[in-house]
């Protein structure tokens, strides 16, 4: 057991609070985007994801991801079932309490599951969603986390092919690419919403979405700078580049829609900010603020293009977890291979003359994308064939708030 | 004077911000639950509680609770009037600045007063409420805090009877049981809202309530893990068990209402999460995450039952501070006596073979419940007989927003 | 290069998150106050301010404010262009990483620009606003920050005249006075809204404004206590006095409107809280909690009077950045000269027998007020004459959400 | 065919719905409105200051019915919406020229 | 008895209320609506792109009055709601068959 | 002059607007309402429990038209609002006594 560094602990405590808050950030961002009749459900799915992750992670999720290595790198072992061995002291190789490390990582699992509520929007059975989420956390999230962060498959394959370990500072692949591409798979299984493509669905509450984005922006400092696991220059730099990439992403999307649509919408700027945040996530421990301006802008533009394509394609991945998290996560992971600076995170990228990192990033990304797509598709299909993943047409018409929760978001005809 | 530990200070600074935010969490949670015509008032009462506590605590509240011991354990002395002696240095026995310690404790007082706005909902005079709150903070909160946390009456009596000091890590008794049972007393004095029991009052804005719950969930990390007063393994573990209990509480309530009502509502899951958070509050320095799963679930189920009973009883304790804070706080305090682990907080509970802790918890709980009920009833009665605690029927019909604040929550017929 | 203090870093990381959140606090506070048809725009302007500041600060803002001294104290030099030299290590004289220090200061710039969205409310072209903000950050904010915090003009002039350096712990002059008086200048250039003075504009969403105020209240702990740049007794005291001044400000405004209007509105209490927070900002490193009660109350009363005067005057400085930030910032800066205590911040004020500090504060305040008024007026005029700062009457009538962003805040007639 | 318009208290809506079901009428459309009657709102006194609150929330109920049951419908609403206190509301009956059901594209009533 | 329906700008509501009080009419019900007139909304130009905004917020005012004061009421509304710019709105008068006051259960008017 | 009142599904509003433009009618006022038809809402089944959802969101469209085009307007709405599933709604035509345009202060129609 290592000894606990109290400063690292102080910052990781605060960071964990920020990351947990992000789950609600996703909930509100998404809820504002759907129609009034589904506003409650869109929050309830994130709250369910948070709660399921909260318990699943303690029981089995953490150990599958982070304890040792089993099945030739497919997953962790089961030694930390029930978080055994992760208590008040610092585990080997860490300088924060094991319990806190597990909580911080568990918050990441919850955020990832919350992002993945997007394709369920406005049409999924709450029971089907819940079962899917439990399975997905166990069979996809924990596994991918192990592959990338605990020397598992993605790491091994990339290293074997390129001689370089791929890097993912705060989850560009594990969190964003995995959830984004999983969202695409789920959308294909669920099919589009009733009336999709025939009429426009208007966001029911843009200030609520803005609140969600606000929580995300601030919460991301815990996400990225917390991932340093210490209160150091590295954490400080991570916070700075995170903020800069968000800003530059918002500007890039704003300018793009100003040029192409004549007007910059607030939802566009916020989407750009989130895409910028996603893109900097894997890079935040490796680049400087000028790099961050470029990474944030490119992440936002990639998402902008992906979203435009998605809209034309007819795929109803409703709240664009794929276009924003999936695509910007991928973009950021590759750009990490380009911009990484030895002097910051100890790893050199393409611009410093090392092409292998980019290659390693690419290999790891491909592994994560392929696994997420296939595994999520199969899980969704299995749930659909058994419990049913989609509500009946009347339930969808009346809205999920009434049909799944017997609640209405906003009181009507009060006395 | 001790010396200031900067890491403990860093975390306590952040924790205090989180706990102050919780006051607004309560405000929004409650505001969303009332009818549109009272939405402003429900926020205004919490803001008033926060402001009154902010000044009262500096002047007299802190010293009554935490400075020495007077009147045979009834209250603190008056040596720290105006926070004299609590400045930049760490007071005897603490490793954080006195000023910060006072601020942190003051935020607790404010949260407790905010929770207690529940029975005033939709019918109380703002002036009456304000005067009640000032008196309550002074005569109930400060006193109970002294009794439990500063070796006052509850501690002395429990120790005399059981040979064990009762424990309350972050306020299961002081904050939640006290405010919950006080709420019951106030509800009895005020009587039910016009039309109560004859028709259903629909929550006017569930996303607003969800926002409140979100702030509470994240803020509670400051509440519980901040109560460690250091950035240590104990704090890390407190954060973890807090998160786990919230999750398990949400799931327990969700499942209960799924089984009994056919559908899990979002408000139910959020209520369960809050009940889980309340229940883990006294235990958060003494138990491990597996215990937390049980404590969170039992806390939520106890609140669920209490709420069902309350609804049938006809008592209009409108926003269920009693059912959620009172009952889960009590449950958690007793369960602390069951689950406490020597290896975590240095105290053994029933499961480790020590029945006296449970006995001590029970005695302290009884003392707090009885005092809260009686004192709050008398204060409410006194205010009602003098200034009047309830608005006139027309004012209630028009809503408190217009009648007490001359404001409407949402603009109408704007130009 | 100094060495990084990890505890100071832990707190500054959290503080920066809090200060960035404040930008959204301003956004929501303002958005709730405008009519529904402009609710999106009022958030979009703050998001734009945040994003522009995020990039501008890295490129040029920071160096103009904080790097060395050029042009006889008019601005910083250009040595830290692109944040050169502000990386993982602590710069000379600081104990936090340079990157983090730059991020923290950049968040201040963003908050200041967000406050200054007030006079643009409900009538400004989004393009005009954006260009104004970019120019203002560069030509006013960075300059004033240099003048007051980096030994620039205001400091030099005040010292020359009074023999004492003016103090501004967290931006009473740099942030609040500067933005408030700039707001007045912009309002004069833009002119009042269509229909202003002839009919009442009702706030469209008071809970949204309350959310904004909630974020501000909690975020301000990062703002003021973070400005200590260490996790120390000074920071703890700063947090305490900040909280106390907010409380006392809310009470003072509440009582004033109770007395003069018969009823205390929630918006009034929140405005009072913000005014209290503004007033304590410059003083938070120099006074004790009893002083804070007085400063918060006086700040709120000064703003209350200023707002009453502003309403009578016919000047449409729409959301009262001037009355609240400008006037309370000025009041607080002067009161710092009165109440400063040697034993807290090492500087003695009038009450401890030193009149020169008050004189120095006065001189610095005059310099900042005059420069802000003139420079902001000229920038606004220049933008107006070139790009146009105001929308057409039909665009104003339809609302800025549709005309500037092609969005509506709340869905209507959804299916 | 006639159109019955009733302006009632929100808290009586449920009762009105039930009373109408009893006389066999289920079809209806309701919307939120604000109204004032002859006394132009109500007056609140607060620390000596008087404030008049005029447009209070009301529910408007619209029901199209055959001529022969108009009377029964009106009576049912009156009974169900009644509290006896100011603000109970009004009921108006308007003539209708023709009516159509969209789903069946058929002309109704007369 | 007649029903007067006026579709007006929200910003003229206060003026209309006052004008009606002057002619002795206080009872009314209002609700939020959206409308467009003959020009089907207004057109905004933005960086060369034109956007038509059709359904603009309007207030609908409903007033039931005795036949003999219909004219006075209409005139009062016209004067108070008038701005002279497109979008001022319309007033319609509809026949009423019967009317009841719920609080007194009495039949009104004719 | 007649008043046409149509109670339609929100998702058909755009189609109805376009259909009306085709027959030359642009002026209209719409508002959000809730309605139920003869079946008094729809029934959802959930884990064996049945829940009746009665007042579902609907859009009310009000159009004042000259007598001679009433038929065309009704037909256009019927075609555009039709889905064939329960809940399509109703159209009613009411008589109008007189009409005014506020901007020009002139009397309209008849």
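To keep things simple, chains are lettered A, B, C, D, E and F as they appear, and every chain counts its residues starting from 1.
Heads up, the rule we're going with is that a residue touches a chain if its C-beta (ideal position, glycine included) is under 8 Å from a C-beta of that chain, and two chains touch if they have at least 3 such contacts.
Predicted model only: the values in this text are computed from it and were never measured.
*Asks:* Moving only between chains that touch, what is the shortest number of steps from subunit A to subunit D?
*Replies:* Graph distance in the chain contact network comes out at 1.
*Asks:* More C-beta contacts across C-E or across A-B?
*Replies:* A-B
*Asks:* Residue numbers at the subunit B-subunit C interface: does the shared fraction exceed half, giving same, or fall under half, giving different?
*Replies:* The interface of subunit B with subunit C is built from mostly unshared positions.
*Asks:* Round to the nearest whole Å and give the separation of the Cα centres of subunit C and subunit F.
*Replies:* 51
*Asks:* What whole-Å value do you get for the distance between subunit D and subunit F if each is reduced to the mean of its CA atoms?
*Replies:* Chain centres of subunit D and subunit F, defined by C-alpha means, are spaced 19 Å apart.
*Asks:* Quick one: which residues in subunit A touch 2 or more of the other chains?
*Replies:* Expected reply: 6-7, 10-11, 14, 18, 37, 195, 199, 205, 211, 231, 261-263, 406, 412-415.
*Asks:* What are the residue numbers in subunit F that touch two or more other chains?
*Replies:* Where subunit F meets two or more other chains at a single residue, that happens at 11, 30-32, 34, 46, 51, 57, 94-95.
*Asks:* Which residues of subunit F touch subunit E in their complex?
*Replies:* Against subunit E, subunit F makes touches at 1, 3, 17, 21, 26-31, 64, 94-103, 105, 108.
*Asks:* Once bound in the complex, which stretches of subunit E touch subunit C?
*Replies:* 11, 14, 34, 42, 44, 46, 51, 53, 56-57
*Asks:* Please give the residue numbers of subunit F that touch subunit D in the complex, ascending.
*Replies:* Residue positions touching the partner: 2, 6-8, 31-40, 54-55, 58, 60, 74, 77-78, 81-95.
*Asks:* Give the list of subunit A residues in touch with subunit F in this complex.
*Replies:* 37, 195, 199, 394-395, 398, 402-403, 406, 412-413
*Asks:* Can you check the complex and tell me which residues of subunit B touch subunit E?
*Replies:* Where subunit B meets subunit E, its residues are 412-415.
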